[in-house]
Amino acid sequence: MLRIRKLPIIGFALFIIVFPWIAGTIPAIGNYPDLMIFAGIYCLITIGLSLLMGYAGQISLGQAAFYGIGAYVSAILTVHFGLSPWFCMVIGMLIASAVAVLVGVPSLKLRGHYLAMATLAFGIIVFIVFNEEIEWTGGPDGISGIPGLSLFGFEFDTVLKYYYLVWFLVFAAFIFTINVIQSRSGRALRAIHISEAASSAMGVNVSRFKIMVFVYSAILASLAGSLYAHYLNFINPSTFDLFFSIKLLIMIALGGMHEVWGAIVGAFLVTFLSFEWLHFFEEFEVIVYGIILLLVTIFLPHGLVGIPGIVKGWFRR
Amino acid sequence: MRMKKLLIVATCFLFIGIVVGPALAADTYKVGAVFSVTGRASFLGDPEKKTALMVADEINKAGGINGKKLELIIYDDEGDATKSTLAVKKLINQDKVCAILGPSLSGLSIAVVPIAQQSEIPLVSAAASYKIVTDEKTGKQYKWVFKVPQSDSMAAEAIYSHMKKEGITKIAIITGTTGFGKSGRSELLRLAPQYGITILADESYGPRDTDMTAQLTKIKGVAPQAIVNWSIGPTQVTVLRNYRDLGMTNIVFYQSHGFGSKKNIELAAGAAEGVYTPLGACATPDALPANHPQKKVAVEYNKNYTGKYNEPVSTFGGHAWDALNLVVDALKAVGCDRAKIRDYLENKKGFAGQHGVFNFSANDHNGLVWQDAFNMIVVKNGDWAMAD
Amino acid sequence: MNETLTEHILEVEEVVMAFGGLMALINLNFQVKKGMIKAIIGPNGAGKTTLFNVITGTFPPTEGAVRFKRQSIERLKAHEIAKLGISRTFQTVELFTNMSVLENVMVGCHTRTRSSFIASGFRLPQVKRKEAQIRSKAMEVLEFIGLTDRSEESADSLPLGDRKILEIGRALATEPELVCLDEPAAGLNETETQAAADLIKRIKEKGITILLVEHDMKVVMDISDEIMVLNYGEKIAEGIPEEIQNNHKVIEAYLGGEEDYA
Amino acid sequence: MEEFSFANQLFQYLITGLTVGSVYAMVAIGFNIIYNVTEIINLAQGEFVMLGGLIMVFLHAVAGLPLILAFPITVILVTLVGMLLDRLAIRPIRQPSVLTLIIATIAASIIIKGTAMFIWGKDPFDLPAFSGRTPINFLGAVIQPQYFWVIGFLIVTVILLTLFFEKTIIGKAMSACADNPDAASLMGINVKWMILLSFSLSAAIGAVAGITVTPISLMEYDRGAMLAIKGFGAVVLGGLGSFPGAILGGLILGTIESFGAGLISSGYKDAFALIVLLAVLFFRPSGLLGSVEISKIKRF
């Protein structure tokens, strides 16, 4: 029976809460809370992607597009029109959902590699639009001067404040997603993954559920994009290219895509590997990254979250 | 079980952080740099990193700065805005450097301007856009930010004024879709009317395209007097080769200043002959007249770089040379005091660098005019030559 | 005429199913009376599973009409048909292998319950209540099919006989009026076959109509009220078991073929 | 200046498109060979092309081996890389689901790319054209002799593959694996060996594509990913598993890009090709020549 235990979640929440203080006392990791903000932003996307790919079994290689839509909607509306960032965030999510429906309705009828290519193509097209529509998007030089976030006069202007904002949202999304997974809708999604024929024979409206979960993942990605734009105060298209979509895929594959935990572990790992730990290898960085990915794929088919299961297996023997 | 896992993850964080964390060094001047050493803009960051390391090495071998060693901390942002920002923050908050060089790309430089402004640290960008140093809202220069490369508008002016001299009025432009190409395109379009130039065709291509025959075919159809190509990397060579293959050599060909590496002449396999390009001094040391103010530094830089790395100098490496030497001059004069370094840089005059003689002021944090910064170069017998 | 005696729950009229040039069903006509077990037999490739797919909406027929309780369903989608009250099992057991036995049945409850994606995300009180209802209903079904003590096991770990039973249970959880069982006894040993046959009879006792495709003639003859024989997409015979057993067309169709036609 | 009419331009677009498309088609054929045997989309396929180009540059332009010698050696070396890919990245996977296999090929492509950067650096390399660079004028269009080599090698590849699959026992065995691996292994065909062979074959084809295209467009270490994506687009457009589909898909993509760049907007030319691809998929979910029935029995 799929039941998600509460203790690890509480433990993880505590860890997130106290981490900035731990990091603050050790100079060598003083910048880690800053990295954790990005890890959190990626977690939002991978949580949605985990539901879409790991649970419902639908591949998306265009998730960076929704991330970009959120970021660009936020940036354009705040910079060119001076609207409130929170309002823009919501508009971003609405536009992302509308695009997700538009793309999802025809795409999600496709299967396997065809779906992968369709979403990949969608992602590339959106990237080209970001790059070409200079008047709105600033082209490759991007948009700068995006305002930060504030709520009732409280400014999220330090790393610490933004850290808690992002991780609060990550937890909200995490809990929401876990609740969905344990509900009727979650069962329907998992059922679709295994057999569309059997699911629809049980009365599951397969295409509706696929689109719903696609929209959900798009909304989370869009939210992440807005948070990114308002934190960095700058965006440019290369952040949202297809290699980022592949990086997201790598995140949930490394972490393990059959559990939402995997999305979080993967986002963490890839963020720290690529922003910090692998710098050590300089020119070999890329190769080491590839080798880690390959080793995990070979030896940990269920990703890093599969390790406890493997260890348990040893003990049982 | 999961708690245990979290514990392991947390321990990993701490452990790796401590091991990889930078060693504390005493009695040094720390200068930070953020270059796009790998990734989509490695053609910028790679020579920049090599140049900066070389210059720092030379300085330390010669006894350092006022007896103190120069410690250069270089981070690779891989052309990614997030990494670039994180690296700059890390240089400021953790490495506590005196000044920062880079980033290599315009967009990424613009992205970190607010951080430099807020943290009050001098930042000498190695990217071209005027937006890096100019606050578009007020028209003023950002207090803490400088840049050493010529603005793209300068290259466009150099090209257009040469055209004017040659009596060329009808042209076609073909540009890359990267930041470099797009910025050049907008300057070319903006400045054309001032020089009485009509743009008959405006084409572009992606950074990984394998063939631009289609775009050039269209240009051939409109029969311009000259073509300006503005891009970077191997594609600018492919354009040239396609142009030659299409038998368009009766049309004058201008390359942007991104063409400034001899490797490009080689790769063009003869197709570069007769091509005009505006270049900074460091790209063409041998073509410079003996009395040229930059002759000495350019020749020396080329000799040392080629000697050390066994590859020709790229003009982009010259930006790192300029940026680092400016900062070193400042350190020599005022020591590691961020505010004093800034003031020193803002008042620096007559600095003969690789890309021009810099004269900074409160109204000009770039310190260059195009007549000084660019020489119009033509490719003759497989080598650079002054165009006039 | 007496309504109750002749009420047809399912009517198939002039149904044609063509895949490209291949005719899988040719002008098929038949009815199923409410509350009976109707078996469909025929050699491999006769179109039995195709017929199930047409009835349950996997794909629409090329021509013809299918009516369920007098309502046309031939253009409806599979999940809509499930909602109307037709459920099915699959020849190649299609359990949700990533779930427990109980969860499989809970998916079956899907169509008779409502709770939105958003409401479940926030785990609103009504969602909790409904979740408890679904669970207890699923447990009832498990009790009926006799798998209560394996409810927490992975569906994947069950022996084939239990998987077939579970698939029937999952179909029952949709509260159907008509169940289409595709070879419920295939691959089972004698005891398992007997258990399946008993279960089918008990389902009939609940008043649920059953459409059955089966190769095991002993089972078919034992439990069916009526039998229809398909060959190459055409109906070649229809009637009570005794009639079919003595129909020479049927014997011919099976000639040299199945030994289990004894 | 000589007359350069609109018709001439159109013809030029066509020639250019077919040349670029031929490269995509060769990548797509490589995808198909592996897909048919394993159902894997090998995203490292583009790296074979890159390796083909760079190794050829090293052997021919740097080490000075004659073309006729350097060509086969390059193909053999890249084939070895293909075999290594299968042995080191694909076969060791313990629970191969299609997604893990895709990730494995991504990992492999990252490693190959990183190694290539380490060996050759980040600069592009040139290769002399096989038969000079004097362009040929034909119907008003200008054609590089190298174009003929690219298109020619595509044709030769297709002929050889057809002969291989239809006339040789090994080829027939591979087709059998593609149709039904279980049955094939029952018939005594060593499926593992066939997978190794499929990787070798598609690596060889990738190498040929790389060797022939480098004189036109130069080659550098990170060209592979984009070529893989274009080839993936071609194979999906044509229909997974279909060899005529791969060729058609590649040529169509190349031609749309060329006409799109010439006639509409060069900035959006890649977008046009992808929009056409999406439109085709929405109306024909299994591609132009893909079979719906076959795609249903495939797991992925």
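Some observations on this one:
To keep things simple, chains are lettered A, B, C and D as they appear, and every chain counts its residues starting from 1.
The rule is simple: a residue touches a chain if its C-beta (ideal position, glycine included) is under 8 Å from a C-beta of that chain, and two chains touch if they have at least 3 such contacts.
Note that the structure is predicted; figures quoted are calculated from it, not measured.
The chains that touch both chain A and chain B are D.
The chains in contact with chain A and with chain C alike: there are none. With centres computed from Cα atoms alone, the innermost chain of the structure is A.
Across A-D and B-D, it is A-D that has more C-beta pairs touching.
In this assembly, the chain whose C-alpha centre lies farthest from chain B is C.
Centre-to-centre spacing of chain C and chain D amounts to 47 Å, using the average Cα coordinate of each chain. Remark: chain A and chain D have CA centroids separated by 32 Å (rounded to whole angstrom). One inter-chain figure worth recording: chain B and chain C are separated by 71 Å, centre to centre, where each centre is the mean of the chain's CA atoms. Taking the mean of the C-alpha atoms as each chain's centre, chain B and chain D sit 35 Å apart. In chain B, the positions touching at least two other chains are 38, 177.
Multi-chain contact residues, meaning those touching two or more other chains, do not occur anywhere in chain C.
Contacts with at least two other chains are made by residues 131-132, 283, 285-286 of chain A.
Arrangement of the chains shown, judged by which pairs touch: an irregular graph that fits none of the line, ring, star or complete shapes. Contact between chains, as defined at the top, is found for A-B, A-C, A-D, B-D. On chain B, the positions that touch chain A within their shared complex are 1-6, 9-10, 13-14, 16-18, 20-22, 38, 40, 75-76, 79-83, 85-86, 89-90, 93-94, 106-108, 110-111, 113-114, 129, 131, 177-179, 182-183, 186. Put simply, chain D touches chain A in their complex at residues 35, 41, 89, 92-95, 97-100, 102-104, 106-111, 113-115, 117-118, 225, 229, 232-233, 236, 240, 267-268, 270-271, 274-275, 277-278, 281-282, 285-287, 295, 298-300.
Against chain D, the residues of chain A that register as touching in their complex are 53, 59, 106-107, 109-114, 116-118, 120-122, 124-125, 128-129, 131-132, 242-243, 246, 249-250, 253, 257, 283-287, 289-291, 293-294, 297-299, 301.
Listed in rising order, the residues of chain D touching chain B in the complex are 1, 4, 6, 9, 12-13, 15-17, 19-20, 23, 117, 122-126, 128, 133, 135, 137, 142, 144, 213, 216-218, 220, 223, 226, 257-259, 261-263, 266-267, 269-270. Chain A makes touch with chain B in their complex at residues 5, 7-8, 11-12, 15, 22, 26-32, 34-35, 38, 131-132, 134, 139-142, 144-145, 228, 232-236, 238-239, 261, 265, 268, 272, 274-277, 279-280, 282-283, 285-286, 305, 307-308, 312.
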